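Labels A, B, C and D are assigned to the chains in the order they are written; within every chain, residues are numbered from 1.
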Amino acid sequence: MELDIKLNKRIAKVKLIKRDQDNVTVQVDNKEYTLDIRMVEEHVYSVLHNGKSNNVEIIPGENLKKYYVNTLYKNYDLEIIDAESRYMQNRNIKDIAGELNIISTPMPGKIVRIPVKVGQKVTADDTLIVVSAMKMESEYKAGRDAVIKKILVKEGETVKGHQHLLLLE
Amino acid sequence: MIKKILIANRGEIAIRIMRSCREMGISTVAVYSEADRTSMHVRYADEAYYIGPSPSSESYLKMDTILEVAKKSGADAIHPGYGFLSENAEFAKQCGKHGVIFIGPSPNAIATMGDKITARQTMINAGVPVVPGTKKKIATLAEAKIIMEEIGLPIMVKASAGGGGKGMRLVHTAEELSNSLKAAQSEARTAFGDDSVYIEKYIESPHHIEFQVLGDKYGNIIHLCERECSIQRRHQKVIEETPSPILTPQLRDEMGKSAVAAAKSVNYEGVGTIEFLVDANLNYFFLEMNTRLQVEHPITERVVGVDLVKEQIRVANGDPISYKQEDIRQLGHAMECRIYAEDPDNNFMPSPGLVRHITEPTGLGVRTDGYVYKGYEIPIYYDPMISKLIVWGRTRSGAIDRMKRALSEYKISGVRTSIRFLQNIMTNKAFNDGIYDTHFIENEMKQLMEDHAPCDSNCEDIAIITAFLDYLEKISTMESPIESSEMQSGWKQYGRRSNLMRL
Amino acid sequence: MIKKILIANRGEIAIRIMRSCREMGISTVAVYSEADRTSMHVRYADEAYYIGPSPSSESYLKMDTILEVAKKSGADAIHPGYGFLSENAEFAKQCGKHGVIFIGPSPNAIATMGDKITARQTMINAGVPVVPGTKKKIATLAEAKIIMEEIGLPIMVKASAGGGGKGMRLVHTAEELSNSLKAAQSEARTAFGDDSVYIEKYIESPHHIEFQVLGDKYGNIIHLCERECSIQRRHQKVIEETPSPILTPQLRDEMGKSAVAAAKSVNYEGVGTIEFLVDANLNYFFLEMNTRLQVEHPITERVVGVDLVKEQIRVANGDPISYKQEDIRQLGHAMECRIYAEDPDNNFMPSPGLVRHITEPTGLGVRTDGYVYKGYEIPIYYDPMISKLIVWGRTRSGAIDRMKRALSEYKISGVRTSIRFLQNIMTNKAFNDGIYDTHFIENEMKQLMEDHAPCDSNCEDIAIITAFLDYLEKISTMESPIESSEMQSGWKQYGRRSNLMRL
Amino acid sequence: MELDIKLNKRIAKVKLIKRDQDNVTVQVDNKEYTLDIRMVEEHVYSVLHNGKSNNVEIIPGENLKKYYVNTLYKNYDLEIIDAESRYMQNRNIKDIAGELNIISTPMPGKIVRIPVKVGQKVTADDTLIVVSAMKMESEYKAGRDAVIKKILVKEGETVKGHQHLLLLE
């Protein structure tokens, strides 16, 4: 079994070499690791490697292939890139790139204001939407010059984390 | 004797109060908004009643509804916690009218201290040092100019009804005065419906040091020493400690006496806090009084060994306070970190949402006051504070060591938190030296945002491998929900067991 | 300076020790048996090494293997915790030979105190009161008879190498002496490979009161006051508190001096405990010395404000102790409940197994030292103690109130625990009056086993209804794993969310 | 929906009257309850009834129909008796009664000694098996006079909770 895994900007080649119960040998890029790994709690693994004890928390992300990974000192965003993702990517590369056209919330909240309209031209750094949560308002700004294609939410509406708010053209 | 208390609050403070009630054998009544049905304070209380929709203006601030619940449930007293109705003189008055004890000072004390101009005047009369400035409301630009010339620049224009940084303007040059005055008045009108403003000298590089006071119905008032609260971000306290690294025994004694005089001037009953600004030369000035329990009260509880909530309840019950001034001694050093649901890497944006996992630190010298649990969804409507982590050490450096250890044990996932940011403060040199003022976070922001975590290439790789194996496991489970003999690993067994547990 | 410590133990005490190490910036090395791969001490440590099969004789008692791990990992020192190798003079000696610091007293101190006859003799020489009885080994029945007549019945025949109740016989009548002597000798031979026995006067209705001592390499020895440990079941301590309800300041001072004399007689280094029996007339007698950290050390830490593990490490590092006798003061009252995995309703049968759910108490004045977590399987091989719950209050009754509150917050399911039993002790009148001796549990058993919980018919019905609805939910999920629009309840949503979290 | 539920020795008739989101009306014997009930954690429900706040923990037992239920002050053993159980009970009453012939462990442990043999006659209170756990040995005794029919475990073997150890005739 071999997969690509993206951690921040790095893409690592990961390969399962051997597995004997909880003892696993895995190659990451050119380095081979033999570890003793167990899931000890839901989403939490205890990993022993060369005597070092690591606790690794694997939190599922927005979809099956995304993870947030927490270690004692670091947090990572991580994504599995398997054959399917690669196929999708080759077949319909525009959709993947197109994600940049979607403005979505990093956090749940309530829509306070939408100072733009469909069809309106906006320039980079224009405020597109204002979301309030926990007594604090956050503004979402345009990352580039664009035209508003679609508005998916209304003022006063409550939104979830990662919910799509606006489409740009 | 008070037998049942309604806690007109939510979150950690509601539970904090209920804990002391339970220890005193007093029944507790929770109130909750729509968003809070599954909140811990509802689960912890003996009784719980719905009071309205999620926005606090429609629930936790509804005096009538809360008083109705008090009547219906037969509560003798209402504890307002902090925030919400805790400094609302009208609510305190209404409680009195309805024959329910308000656990807090008299409506008059709340009102006097709530209006900053009146409070300043009261302090001046009581002989408590105040920041140089106006004694009364500034009506015209001409008046403002006279004051400005009298006390010298820079100055602050402040709303009398204000608090928490609203309706405040800093004036550095004479030219700014006119605009700043208008802006402060307009903001005050909008925010508080009262455009009264006043002018104070701006204290540069101040320390924010507050004194805990405790009074009863018989005129006994003592102080329980200070809390150093200068580690702030945008007027929000982040870390508090006691004793203050800059206070001398003489100054503590002097400020303590001023704090007691301040409280006496309004015949203060219950627990309250006198906030002072202390300048670089250790001159201190009355800033304001908080006529309620303070978020950071646990550090005082730890070093002086007094349960402040129990004292509040006893005083409200008509008992004299249990301590004399000479009984109060600070032992060791306590420190509190506020754990917020916010993302320091993303401009401290609030981060409500589902708590997927939480492990709280414990062991020697560690206290947590929190309210979230695994599976709880932190609502978007209220304060982002998840919990308070309080540690004690025999010395300040011992307390810092312990705080580092406790922060390293604190695991919350699903929402972003300020834990990493707090860890960086704990390793900051100026903080460790105890040399800091209210500009600390601002000044040190660059260093505080850096990544100080020790991590070689292995630790990245181990994260990658763990996710890799988790993913393999996940897809193999999806392909064959019936166990295959091939998968005999421990975590597979765990997975199976979890499923068994579920069904 | 010690930089890395191997902790030759498991469970709560391993984590307790690692916490202090982490606060001191010292790296930690865990060792684990087969059953303990997923145990918390392995997860908490910086490094962890496998040392053998589950039975402790094949892992935690394997001196060679542990010393090998110390060498391999580069540990400077070994902390033995309590139990296992902690009072093994040979292990202390082996550490010395291998150039690893043994965190504890000298092999000679361990050996002297480990042999009860030698310990008695050493105490007599040091002027510490001992229970009247033999100065040396009893060889013949004739010798035993002489002693019996000297000190009067009842008497105890005890194994010199003994401890924890093994090799002990109580003799009420002269006729029993011969049989009891033989039985004790035979049991001692089987259990310890040494049939030396001695005779002591049997103290009726004694208090078990112990003194914490602390010494360094420079001959400084102080005591940190007492712990009252009379609440025992079959020689197992269940609840400890400090101060003792029966000690006077004079007696505390006198016993403290005896404890220091006892420790000085063996040039004691590190922390240790002198156990005394105190009779109804407040006469006290040396019982034995535990040459290690004690399970119940946290109550002392709380009232005197000293981190005993840090002191152990400092002393082992060659530092002088940080305190003088006059620095040590008791402030307030601390109490510890041991939470065992056992079933009080079923003759206290041990209850290992899978922990399905755990919520630990926290807040003001509460400390827990535990090691289990949700999903952890408590192994069958080791001690049934799950955790220690330690509370502090300004007064004894305040501490009891807080313990009641904390016990009510403590939720552990999947295994049976002693929590209910402890709650019943907290409401027991004799306990609340502070009038109890080591026979307390035995004498009060009937009352302690009763069901005191307030529960009207509603609470049964609510349990029934909740199970009913859970069952309906469960079968509806089984029938249609795809969500049906009918099921829109909150817990259904929770269930769905949990599943999403899983996949 | 109607079921019988056994709590200790009591058997209660339980009937679902109405359910509107989280508000449920249920009849237990002759008493009607309207409650607000939510699962707040895995196996933990928050139940509000007439203002009273109850936390009820529902731990699955040995089989689908058995529960351990924990409330603030009480622990209960609880069993669902539905049509299936009643049918089983009517059809093959002996098997149910026969359970008395099985000696099983209430706790996990290690078999220390089995001082009986197959075919041996034992009398009430005779020790049948000794199990050790957590440094303590527990003896399982015969509840009545009987003959040992089958021994299902060996000395030295590790057993789980509720595992069958011996069959009596």
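Criterion: a residue touches a chain if its C-beta (ideal position, glycine included) is under 8 Å from a C-beta of that chain, and two chains touch if they have at least 3 such contacts.
As the structure is a prediction and not an experimental result, all values here were calculated from the model.
A.B. asks: For chain B and chain C, which third chains touch each of them?
C.D. replies: Touches both chain B and chain C: A, D.
A.B. asks: Could you see whether A-C or A-B has the larger number of C-beta contact pairs?
C.D. replies: Of A-C and A-B, more C-beta pairs in contact link A-B.
A.B. asks: Would you kindly tell me how far, in whole Å, the mean C-alpha position of chain D lies from that of chain B?
C.D. replies: 47
A.B. asks: Measuring centre to centre with CA averages, how many angstrom lie between chain A and chain B?
C.D. replies: Whole-Å distance between the two chain centres: 33.
A.B. asks: At what distance in angstrom does the C-alpha mean of chain D lie from that of chain A?
C.D. replies: Using C-alpha averages as centres, the distance is 45 Å.
A.B. asks: Please set out, as single numbers or ranges, the residues of chain C touching at least two other chains.
C.D. replies: 37-38, 356, 373, 375, 408, 474, 490, 494, 498, 501-503
A.B. asks: By residue number and range, which residues of chain D touch two or more other chains?
C.D. replies: 22, 38, 40-42, 52, 64
A.B. asks: What part of chain B is in contact with chain D in the complex they form?
C.D. replies: These residues of chain B touch chain D: 29-30, 37-38, 42-49, 72-73, 373-376, 501-503.
A.B. asks: For chain B, which residues are in contact with chain C within the complex?
C.D. replies: For chain B paired with chain C, touching residues are 15-16, 19-20, 22-25, 37-38, 298, 301, 305-307, 331-332, 354, 356, 359-360, 362-370, 373, 375, 394, 398, 401-402, 404-405, 408, 474, 478, 490, 494, 497-498, 501-503.
A.B. asks: Please give the residue numbers of chain D that touch chain C in the complex, ascending.
C.D. replies: That would be residues 1, 3, 5, 7, 10, 12, 14, 16, 19, 21-22, 24, 26, 28, 31, 33, 35, 37-45, 47, 49, 52, 54, 56-59, 64-65, 67-76, 78, 80, 106-110, 132-136, 138, 158, 161 of chain D.
A.B. asks: If you look only at chain C, which of its residues touch chain D in the complex?
C.D. replies: Touch residues, chain C against chain D: 341, 343, 346-347, 349-353, 356-357, 380-384, 408, 411, 413-414, 420, 453-455, 458-472, 474, 488-491, 494-495, 498.
A.B. asks: In the complex formed with chain B, which residues of chain D make contact?
C.D. replies: 22, 36, 38, 40-42, 46, 48, 51-53, 55, 60, 64
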